[in-house]
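Going by the order they are written in, the chains are A, B and C; count residues from 1 in each one.
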Amino acid sequence: MSEKLLELKNITMKFGGVTALSEVNLHVSKGEIAALIGPNGAGKTTVFNVVTGVYKPTSGEVNFVGQSVVGKKRYQVTKMGIARTFQNIRLFGESTALENVVTGADVHSKSGVVGAIFGTPRSRREEAAALERGMELLEFMGLKHRAGQLGKNLPYGDQRRLEIARALATNPQLLLLDEPAAGFNPAEKVALAATIRKIRDAGYTVLLIEHDMSLIMDISDRVAVLDFGQKIADDVPKVVQNDPRVIEAYLGAPADAS
Amino acid sequence: MADKKNRYNIRDHAATYWENSPKWRRVSMSIAFIAFFYALPFLNNPLVNTPGSDFQSVLFYPVGMYVLMAIGLNIVVGKSGLLDLGYVAFFAIGAYTMAILGTHTALNFWEILPIGIALSMVAGVLLGTPTLRLRGDYLAIVTLGFGEIVRIVAVNIEAIGGPRGIAGIPTPPDLFKAKFTILDPKPYYWVLLTFTLLVIWMVRRMAARRPGRAWDAIRQDDDVAQLMGVNTLKYKVWAFVLGAAVAGAGGVLYASQILSIVPDQFNLNVSILILACVVFGGIGNLWGVILGAALLAFTPERIRFLSQPRILVFGIALVVMMNLRPDGILPKKKREHFDPNWKSVEESGEGEIK
Amino acid sequence: MDFALLHDAFWGLTFDGLALGAIYALISLGYTLVYGVLRLINFAHSEVFMIGTFSALVASGIMGVKVEDDPRTGWNMIFTLLICLVAAMLASGITAVLVEIVAYRRLRQRGATKLATLISAIGVSISLVELFRIITDSLPREFPRIMDKTFLFSYAGADIRNDKVIVIIAAGLMMFALERFISKSRYGKGIRAVSMDENTATLMGVNINKVITVTFLAGGLMAGAAAFFYILVYENTSFKVGFFLGISAFTAAVLGGIGNLKGALFGGFVLGILETYTSAVFGTAWKAVISFLILVLVLLIKPTGLFGESIQQARV
């Protein structure tokens, strides 16, 4: 395949006695929609947390466009080009939808406190650009009419979409989506699938955690499967679907509602 | 959501009126408002008369000084959600800078002012950088300690007067026609008011721009703020340092008016009083904080029997407020815009991203 | 600076430091326990301690002990000491429980922010300090000598005084009892469950409110014991006594790793000794400054403390 954007090598993550990930190798290639699936507690979110610098892996390497992200500060990882959403929505509820998105867009501004106080030309320019970018993304996610409303007051589906808009605002090369369709009805899922494709077509690479198999089969180019912290499969959707180990992992575990 | 939209609300009304006013009306309203505060010392009304000291003095200290400090502390506590319990330390650093340089060098107030502010900011960086990395409550206890430590250090160093402090601090040189003397608090009040207006202006600018968004994000969810690319430590240190700068400026002015200072003036109670002002008015809401500070500073002066146990009263007020009305008398409330066509920037046109 | 004093009186200072450290350790347990279940520093804990010292004082007055009296002896002395100890523990324990109800409970049930809760606690703390300042007219109070203070023996130039030996031993016993309580009793298990994961604990049927009350009570009882030992050794108190002891005890808790009982014990002793040494060198006027610097240094170098926090990493 084409060039590897993200690569996890032998990642092990332990929390006290719990081994959430053991010796996981995983990669995401530029321009694809990759999916990460697995039963509850398999370690999917932990992969995101390791990649974005929330946790430092117990051992192993994480490389992003050739650079190691282990030990980097979280905001530096975001600046390098990885952005994410959260399984349990974590918007800035007391900020408006637009402010949520612009907070992400601020990553690439250079001016800070001093610029803001004195209203330097660069600060003005960057403010205007960030606001414009924010509006653009709200419109893209179908949230333009929500711009002035507080994050906490948005309907559930809009909150999920706003999280994606906020992540996109940081201009990531790699977008990590943690169960973006959780709680969606079938129609919303179809619309979301279209949006994710559109995001990919705009040049972003996507790594997606999802429980909905038909959604996964529909949009992903490649699927990796985790079970009890170990990767048990990694291939195109068709192959993974028929892999006996994957079937066993899912049948062995209680069915998932979401 | 519909009922929210239609509910009558004085504040929203006023804000809408303001937003819809033409520029000339906004400007003239602002000028009238500011002029009123500059003229305030001439207000002679039995309602505001203070029995202990004269109204003009009370206007400078405590009222004006508390308002200024509360605005400064609000950057730290209200905007970024960091609990600083040693705010008095920066006030003390400003005051001691004025006292030491004023009595030992030929520098005058206006020359010492930037030095005092700078030293407070340096202290803010030194204290903030190690502690602001930690969880919020560690910051609270470290600042609590720091406030007392600065006082104890002042008590223990004989070279700066030890427990007796420093006397004979020079007053500022004349400015235009105004003479700064012990007898007339008015010029000090005007300087203080000018500081305050400047700080309000700066805070409002920051709040609407990137720093404001960063602080909002940090206050609401530090982890997520980091993951959205906010350098949280940097912005926390900035908040802390800006707060320190405001207190430092207040301290310099205070010392030049009161003429002599002793370490015990800068005790923990001052920090708590300022915090009470912020909390009482409405954490995070600039106008609420100003109102809260003015009320809390003025009431004990006006009503005599409140002035003895005032710390006790304010301590209880903190608990009661947090239990019953944690958002203060004028809560911070973001105005929401439900108009589907509301936009704060030029429309981009197409629904595509680049 | 006086390094000669440190050198000459090394073992004596070490012993004094151990006694002070035992008191710190007892107080720091309250910080650590509450931190474990609530993830918050109890700002009013220093006043829980302060009230303990005054209760011991009042109890000694009720027992008819006067400052000018000769020390008591025999059973009479033991009985008087015990009464004062129990009075201090009870008062502190009750205060701690009340603090939880007034400062924390309602806010917790409303899901208030951490900032609001900290402010509420600091409000309670400052109110108690002011209340006692007004009651005591800002004056320090002397504690009468109930027990004759004698030197038991000398070791390497250090005079080992009986009251300090009692403090060290009694503090050790108290902490042992607490440790048993936490690891064996039903409530102790509840405390541990809540410290580990509040949601799971609730699901498992643990009554969170009760557990929190018991936690504050346990911390308060320990602070009360510390208050009695403090006043026994140093024989005075004032409305301000909580502030610096509180900061030191908190430093001890952080030094050992907050949320960690063994860490509190160890941190208390280390800090007590360190403070005693450094005040010998720099003078007692700088003692508070030095403990503060130690706190900042610990936070800077090893914020999780020597034994590590017994707290999970935050989840995102």
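What we mean here is this: contacts are C-beta pairs under 8 Å (C-beta built on N, C-alpha and C of every residue); 3 or more make two chains touch, one makes a residue touch a chain.
Note that this is a predicted model, so its numbers are computed, not measured.
**Q** Which chains, taken as a pair, are joined by the highest number of C-beta contacts?
**A** Top-ranked chain pair by contacting C-beta pairs: A-B.
**Q** Whose Cα centre is nearest the centre of all Cα atoms in view?
**A** Given all protein C-alpha atoms shown, the central chain works out to be B.
**Q** From chain A, which chain is the farthest off, judged by mean CA positions?
**A** Result for the farthest chain: C.
**Q** Could you state the distance in Å from the CA-based centre of chain B to that of chain C?
**A** About 35 Å separates the centre of chain B from that of chain C.
**Q** So how far apart, in whole Å, are chain A and chain C when each is placed at the average of its C-alpha atoms?
**A** The separation of the two C-alpha centroids amounts to 47 Å.
**Q** Roughly how far is chain A from chain B, going centre to centre by Cα mean, in whole Å?
**A** Roughly 40 Å separates the two chain centres.
**Q** Can you list the residues of chain B that touch 2 or more other chains?
**A** In chain B, 223-224, 227 touch at least two other chains.
**Q** Give me the residue numbers in chain A that touch at least two other chains, ranges are fine.
**A** 54, 86
**Q** Mind pulling the chain C residues that touch 2 or more other chains?
**A** Residue numbers touching two or more other chains: 316.
**Q** Could you list, by residue number, the parts of chain A that touch chain B in their complex?
**A** Against chain B, the touching part of chain A is residues 52, 54, 73-75, 78-79, 83-84, 86, 90, 92-96, 98-99, 102-104, 106-107, 109, 111-113, 115-117, 119, 123, 126-128, 130-132, 134-137, 139-140, 142, 144-145, 147-150, 153, 166-168, 170, 199, 202.
**Q** Which chain C residues qualify as touching chain B in the complex?
**A** Residues in contact with chain B: 40-41, 43, 102-103, 106-107, 112-120, 122-127, 129-131, 134, 243-244, 247, 250, 254, 285-286, 288-289, 292, 295-296, 299-300, 303, 314, 316.
**Q** How about chain B: which of its residues touch chain A in the complex?
**A** 1, 202, 205-206, 209-214, 216-217, 220-221, 223-232, 234-235, 238, 242, 334, 336-348, 351-354
**Q** Contact residues on chain B for chain C in the complex?
**A** Touching chain C from chain B are residues 77, 81, 83, 85, 130-131, 133-134, 136-138, 140-142, 144-146, 148-149, 152-153, 155-156, 223-224, 227, 268-269, 272, 275, 279, 283, 309, 311-312, 314-319, 322-323, 326.
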